[in-house]
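By letter and in written order, the chains are A, B and C; residue numbering begins at 1 in each of them.
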Amino acid sequence: MTAATVATNHVAPPRSFTTAVHHTLRLTQRSVLGRLRQPAALAPSFIFPLFFAALGSASFQRMSKLPDFPASSFLNYTAAGAIVQGVLFAATSSAGDLATDIEQGFFERLLVSPVTRTAIVIGRLGSAMVVAISQVFVFLGIFLAFGARIETGVVGFIGLTVSGALLALAMSGLMSGIAIRSGSPEVVQGSFPMVFALLFLSSSFFPRQYMTGWYKTVASWNPMSHVVEGMQGFMNQPLDVDQFLRAWLIPLGIATISIMFGLRALSNRLAAQ
Amino acid sequence: MNTSLVNDTSRSSVVDGHGGRPLSVSGALVRRTLLRVRRMPAAFVPSIVMPVFQLIAFSGAFGAAVRLAGVKNAMDWYVPLNAVQGASFGAMGVSFGLINDMQTGFFDRLLMAPTKRWALIVGPMAGSIARAALPVALVIVIGFLGGMNVPGGPLAIFYVAVAATGIALVASAFALGLTYRMRNMGAATLTQFAIFFTIFLSTSQVPLSNMAGWLHAVARVNPMTNVLRLARQGLLGDITWNDTWGGLLAIAVMLFVSCWFALSGLKSLEK
Amino acid sequence: MTSAPIIAHGLVRHFGSGDNTVRAVDGVDLQVNQGEIFGFLGPNGAGKSTTVRVLTTLLKPSAGSATVAGFDVATQADQVRRSIGVALQDAAIDPLMTGRELLDLQSVLYGIPKTRARERGEELLERVGLTAAADRRVGTYSGGMRRRLDLALSLVHEPSVLFLDEPTTGLDPMSRLTLWEEVRRLNREGTTVLLTTQYLEEADQLADRIAIIDHGKIVREGVPRDLKSAVGAPTLLIDVDSTHAESARSVLARFGDLRPTSEGTLGVGLAQGAEAVASVIRSLDEAGVHVRHLELNEPSLDDVFAEATGYRLEGAETKSDAPAAGARRGPR
């Protein structure tokens, strides 16, 4: 039995709510700083969505002239997809940091300290939300500068921001669970194909009504299609309760399940030590 | 100091006058590549899965856009793209393999071999063709399963293979040149970025005529556009010299430049 | 063409530029004669490996010149490569390949015809005791087996000059002795060997002549026995309480030159020889110095090293002021 294990079993973590909040905020702060200090790891989650949005706008602009196209321009259509893409990439890469913490022993250092256990996971999720909100601001700022419009105005802007944050919470919870279970950055990296599949087999890049066959069926079952379509609603349609239901409630539901998965993984790891 | 005078080279009796024959050395390096793939298949899987996944995703998601541009079946448009892209993934393997050899010191063993320096470059480049063969073949097979049209006949598939082989060679030579200079994992990432942007800033998604503004300007001068035209011609219609020579020239020029980049990078290691 | 197998004149190799320039090899003059084992002794970062990398054509010299097997390392690299065998630090071997596959590859690299390569491979595997393990992946080999395979690989083309860069670093004592025996055997068969080492015992046991390198410069060169006798006096080492260290030092200074030692120990080269020990103890006693431990050492290579560099190699910290040769190409 290691020294870390002994301490884990005998040091009772403080349980007060304010302490837990304080620990969570400090760990969120550490995690955000950690992300900012690795610009090379964070950059792809900004560069690639913007690149794909630019590429799509230049390639598929003609499509937006079709009478049933769900947006006034392809840029307006693709904005929501770019946010979703950026958030998913960033959340996955953030979970990679957590796995690295476990691999390099920082996680054990946290465990031997009297820090609130849930704060270790929630702090990481908090940082994913902070990064997601900044992504929404940066992406929308750039898209608006290039002529995009948010049809639902300020309410839509808030709707998109909250949706991005909730999606980050959902994805980060899932990926953190994988990171804690495996303790291996390679395994987290290996989950990237799942993220690709979630994105590409949805209406993130192209409207569902133009898809055909089995691909359309899969995209219709993919919850990501509905999240992104809710967000596209904020960008392109008049305000509607359906937009909130799809863009907020679906990620919130997934987040609830994925956080439970993350905390369960943590508790299993603690029990195994 | 007492100097002993000797006939110093007389004992190297098993080495023939030419040292390692370059083509034999390259061949041995190709065999080593295949051996490594066979013994570490997990590292090879993504380079097979990704082109296949992208073929399915692109043709499923953007199929309507290319059909609007007059393409009969989305596979006709995306099989050549993903064959070329799949072939270029081999370059990542070349870069990772070289970095690994540099870190373990195995590369020093190769550098100390009395053979032509170009043999050390041709080996990994040829190895990348071997690595590309399976993903490219798989993409073509899935294309057929997805109803890909081949109005150009067998020559159409030949040109897809030519384009894929050309890009595998160009990308791996570029990866070698970059890795010789950077000597760390950053080279593999940069190689990936360079290949990614070169491919996507061409006619990867839609024909030139459908593009707007800046992308049209970039894609028009991007040599990858010519390579994709060469690869696609037999799937979209008849094969013509007009659609062929530009791609062959683009491959030749890119190959010349990337080989020079690789060779000068290798020589810089000994400086 | 006739000459000593290894000759270097004013060899310089620096890394970086401007204020960041590090002279890893700083004017090395060297001559290794036919049929000898030459030991290159120094701590990590002293410039041993960089010198070897220049002599084996992996790096070009920044200044000076060197010939190996009669060929210039800068302008006749190909001929040098055909004449030398090299086993670099950390046995550079692909763990996914088997011993036999690596020998085959090495034979191709040196242009050895297939049938001859097969015979030679079997010979070498038997010689280094790896016949039974020849078809196993190298990743499953022990450290000693890897080094032996590395040695076999370096001998595939029957080189006239063999470079061994720290051949026994990290090996257990048994594997070290096995490798030493093999090096001696090769040398008896006529191979000239240049080996770098940071182990005094290795240099003492194996080398006919040694050069001590420090901060890129050769600070001593010669036959180990001559170098040791040149240091002269035996060294008396004493341990005293730290409160008595100053008075002990002044007593010792009366009997000879104070010598560099490890922390907590005082050393003096006894000018009068071992006979002076009794007088030293008496004087220390009269000065009220309580001696906890006393040791008399005949001159060793470590004394030679200490006399030449001002510090001892045994227990020396790894120095990082000069880059190891492989530093430019990633961790080693």
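Keep this in mind: contacts are C-beta pairs under 8 Å (C-beta built on N, C-alpha and C of every residue); 3 or more make two chains touch, one makes a residue touch a chain.
Remember, it's a predicted structure, so these values are computed and weren't measured experimentally.
Quick one: label the inter-chain contact graph as line, ring, star, complete or other.
line
What pair of chains has the most C-beta pairs in contact?
The largest set of C-beta contacts joins the chains B-C.
If you average the Cα atoms of chain B and of chain C to get two centres, how far apart are those centres in Å?
So the centre of chain B lies 43 Å away from the centre of chain C.
Could you put a whole-Å number on the gap between the CA centroids of chain A and chain C?
55
Centroid of chain A to centroid of chain B, CA atoms only: how many Å?
That pair's centroid distance is 34 Å.
Taking the touch rule as given, give the residues of chain B at its contact with chain A in the complex, in rising order.
46, 49-50, 53, 56-57, 60-65, 68, 197, 200-201, 205-206, 210-216
For the complex, give me every residue of chain B touching chain C.
1-16, 18-21, 24-25, 27-28, 32, 35-36, 39-40, 99, 101-115, 183-184, 269-271
Applying the document's contact rule, which stretches of chain A touch chain B when the two form their complex?
51, 54-63, 193, 196-197, 200-201, 205-206, 210-213, 215, 219
Please output the residues of chain C touching chain B within their complex, sorted ascending.
Per the stated touch rule, the residues are 1-5, 31, 33-36, 56-60, 69-70, 77-79, 81-84, 86, 88-97, 101, 104-106, 108-113, 116, 120, 137, 153, 156-161, 190-191, 326, 328-332.
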